[in-house]
Amino acid sequence: MADPVSSISIPTATTAPWKGPVALGVAGLVVLAVCSVAMPTFLVNNLIRAFLYAAVALTVDLLWGYTGILTFGQSAFFGIGAYAAGLIFTHLGFSWGYAALALVAGIGVAWAVSRVVGWLAFYHGASPLYASVVTLVLPIVLVQGIYSGGEFTGSSSGLSGFDSFDIPIELWFFIAGAFLIVLAVMAWLFVSSDAGRLLVAIRENEVRCEYLGIDVSRYKARLMDTAAVIAALAGFLFACVQMVVAPEYAGFVFGTELVIWVALGGRGSLLGPIVGTMLIDVGSAYLSGDLPYIWTLLVGIAFVVVIVAMPRGLAPLIAGGVRHLVPRRRRAAAVPVAFCSAQARAQDHAHDAWPALSVHDVQKHFGSLKVLDGITFDARAGELLSLIGPNGAGKSTLMRCIADGAERSGGSVKISGTEIGTLAPYDCVALGVGRKFQTATVFESLTVGEALRIARHRVAPPSRWRREPTLALPQPALDVLRTTGLDRMSDRECRYLSHGQKQALELAMVLALEPHTVLLDEPTAGLTKQERTQIGEIFVALSSRYRMCLLLVEHDLDFVQQISSRIVVLHQGRIVMDGGVDEVVGSELVRAVYAGESHAGEPRVGELNSEGQP
Amino acid sequence: MLNLGLDVVTTAAILFIVSAGLLMIFGVMKIINFSHGAFLTLGGYSSVIVGHAGLNWWWSVPFALLTGFVLGIGVERFIVRPLYARPLDAILATWGLGIIVGQIITLVFGREVQMVVSPVDGAIAVFGGHYSVYRLILVGVAVLVALALGGLLNGTRLGLQTRAVIMNESLARALGISSARVRFMTFCTGAALASAAGALITPLSSVDPNMGVPWIVGAFMLVLVSGSSLLSLALASLVLGGAQVLVSTFVNPVLGGLTIAVLAALLLRLRPEGFARG
Amino acid sequence: MTVQPAVQIHALRSGYGEAMVLKGLDLTLQPGEVVAILGKNGMGKTTLLKTLMGFIRPAGGEIELFGKASAGVAPNRIAQREVAYIPQEKALFQDLSVEENLRLALARDRDFKPMFERIEDLFPFLKERLKQKAGTLSGGEQKMLLVARALIRRPRLILIDEITEGMQPSVIERLVGILLRERESAGTTMLLVEQHVRFAFAVANRYAVLELGEIAVSGGTADAAAQATVARYLSL
């Protein structure tokens, strides 16, 4: 599925990445100052509004273009900031004290509302459609609230005529423009920093992030809180300048316009939304007087065409033009990262007494269909336990039940003695379990180095404004990278890796979490014979040298025979055999199970006739 | 008391009629058609056209069905189908379409509110009280719509294929069913139904280019809590519609308008399947 | 005049993303042949059927079904060429009735009665359960329903993916009988993917073992040593 995000990657130096953006920002401020006096007043007035709208559009881009959260509700936060000013200045009067109060009130209320929206929309397993509808409902609810406020809120006519700061319009121009520029520079630094890559990772593969120990819901909610505060700030400034507030500024029409501007300008590129917003808003100020409905119609048509045919917006066209004009500079968008060995964390030996993994009477049913029944076994550190069984025996389901506390229908799972209860995957990771999926799920748009850094997020949170040139990884992860040659490919984008390389990368990412138990779901699927041998050696090293407990689901029985220390056989949701390699491989029961000649029920070992039937 | 009960029933009926088309599309295609409001508006203006042509108001309904169906064909082909793999973008594109339709209608008809002559005036005596005849008729219409859709789904070959596609699209394709055709027919039918609903609500309120707007959020939420079941939709319309009536009557009409959205959002947060069987 | 093959696969490469599961497969089925594809899990058997049925777009190679190029054609169009497919998982509409499940397989609704009568004797239990929801049938009955659904439309080619999985031995025997009868009376070509060697050899006249995406060994099932050869390939 094509990821329709444009990226105008502007080269940034690796050592002091902030120099470029800040320099540009300062230059922008100078230009602003000049324009404020040089431009005609009509244009200055429009641009003030456009600057503030562009700032809000930036927040929409961060949420939607980068992180994949489609939100129609940023207008509500803008409206909250504006109405805070409007209400206080109207009913209490104007003074610097009241202005400060209004600012704090606006930001405070916006933040509180964002917490509520975050609770509603972002939780483990939430659907993006539902989240988007919630953000649509928000401004509608707010506007209805304003309407029902009667004279206090000004209802449908809004509030006007209140006093505000007594500053010349040119100074407001500078303030609004500076607000936008500072915001843009900070956003630029953030998205190009290591922490900014997490946004992309969440957009591309949220589930993987959860299994890397990242509380995605909380992250999204925090992001929305920040966006809400910024939008409220913009709204506050808006009210101060315009000295008019109306429900339209808080409504969903404005909210959807913001999305349209971002889409047309180019989502996922900071410059695109800014340019898009300013062009359309200023353009509409000039043109919509002459052709009121046609202008909106044209914008609507352009919007639909862009979504359907050019989802990356117009930014790539602009970027192409810019690249022609600006001389080629070394593109440091992909920063090569040097891997080094991480300090071994102090081993918590208190847990050594417990088995690494303890599964007791685990059950799972879908409606009336029982997929797992009475699964009980322990696994210790240093064991390489393979889970085998015919298709539909429940192996993958069992893996899920161990890594996600909410999966199972009954029974208990303990990681190093701690019951996982109903913990979400990211909390299970904190207990020491890493899960490698069957289909290698990495982050297509990120580089190898960036993906691994995200895997280290829980242990070593990445910088929010720069790119580190080194990344410390635990020895097992380094071993995997070195064995497969990935350590020299830190700046290659994951989408260009071969299937075997993606599998290895995902394994390294899981090992970067420093788990003591690793769940591996069909790790040899799609690998060549050579790759199988390689990965088999790695698994044996992980269990024997690093004392990890490995739990493997596999179909390749030769592979299982070669590397396992213990085999558990699953059939129709039950464990039918649990023992050493020779014992299991040589058994009649297992042969029968695989030949498909035994039926439901529990065949007892040793009571099979020559045809393998009980 | 009786009036209140009738309010609840008639409101539920109206909500059902307005949301049924949206439900069909959501059930089969798993997307919310954000241009639903535009189709409602289209239906409303079909009513206006019929009125201007001097015909009996009841011709609005088949005319609205027709215009909705025809517009639906274009929308499915050019907007929804290319975005099959990008559901969030499909939502955005249908929203954009809604804007386009709204603007075109404004250009053609102007922004003023149009009044449509109600086909059936007045109230009838009901168990000692009086109640609007038209609203009662709409209850009958809702039942008709439910029966018709149910009949289509359960009694026709296309309906069976549609139910199969809802349950398991790839299995349906493996049996030779063209899921592309099913999606196409579903969208056009859902759009036609939305348009007809728009025509049917004109006697209750006025017609203007934004008449669809107050209905869409309620419709979206009702569909989200109903999944793909007509029965769940009927239940949701009754429960949430009833809540809306109660809040409007006893608390505040403005808050009443928000009841469905807020209650549904909370319900989905606590039970993501909504009213559908878990 | 030479009879054109029912299925002609040449140099087929197919898989998921970059993981090529099938790496250059050649296979031909003459009309009326029943071929069993055996192999351990993960070796490409299901991928082969899914590619034939159009669910996976092959990365290379050619497929011809009854002389018509079929690589990359949509599943519903393949099905309309009289190909029946019994997938391994989620093969029935659990909430639809037995009759509805059967009707969906037919090209025309009104054919139901005559077509059903044709296969009635093979599946006697179905007649009483036509109105029952498919999900309420027992496991074995559901599998039988799958076979009935495949046969009711008189296909020219049937693709079956590990149908004996979890089946009782008695039901397996009945299935052997049904498939043999169909083979003799209608000359339907069949491609079976299996792990149950005895069943495969009872029904098929040819076999091929898939290992790591390629055919490792193949031959006729009448050959006495064949079953032992295959068992070796599948052994633990």
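The first chain written gets the first letter, and so on, giving A, B and C; residue counts start at 1 in each chain.
Everything that follows uses one rule, which is that contacts are C-beta pairs under 8 Å (C-beta built on N, C-alpha and C of every residue); 3 or more make two chains touch, one makes a residue touch a chain.
Bear in mind the structure is a predicted one, so any value in this text is a computation, not a measurement.
Chemist: Between A-B and A-C, name the chain pair that shares the greater number of C-beta pairs in contact.
Modeler: Counting C-beta pairs in contact for A-B and A-C gives the edge to A-B.
Chemist: What's the farthest chain from chain B if centres are computed as the mean of the Cα atoms?
Modeler: C
Chemist: Using mean C-alpha positions as chain centres, tell me how far chain B is from chain C in Å, no decimals.
Modeler: The answer is 43 Å.
Chemist: Mind checking the centre-to-centre distance between chain A and chain B? Centres are C-alpha means, answer in whole Å.
Modeler: 34
Chemist: Could you work out how far the Cα centre of chain A sits from that of chain C, in whole Å?
Modeler: 42
Chemist: Can you list the residues of chain C that touch 2 or more other chains?
Modeler: none
Chemist: Within the complex, which stretch of chain C touches chain A?
Modeler: Against chain A, the touching part of chain C is residues 15-21, 40-42, 88-89, 139, 162, 164-169, 195-199, 212, 234-236.
Chemist: Inside the complex, what are the residues of chain B that reach chain A?
Modeler: Residue list for chain B touching chain A: 31-32, 78-79, 82-83, 85-89, 91-93, 95-97, 99-100, 103-104, 106-107, 217, 220-221, 224, 252, 254-255, 257-258, 261-262, 265-266, 268-269, 272.
Chemist: Please output the residues of chain B touching chain C within their complex, sorted ascending.
Modeler: Touch list, chain B to chain C: 157, 160-161, 163-164, 167-168, 170-179.
Chemist: Which positions of chain A touch chain B when the two form their complex?
Modeler: So the residues of chain A touching chain B come out as 1-2, 4, 68, 70, 119-120, 123, 125-130, 132-134, 136-137, 140-141, 144-145, 147-148, 256, 259-260, 263, 293-294, 296-297, 299-301, 303-304, 307-309, 311.
Chemist: What residues on chain C touch chain B, complex-wise?
Modeler: Residue positions touching the partner: 53, 55, 74-76, 79-80, 85, 87, 90-91, 93-96, 100, 103-105, 107, 109, 149.
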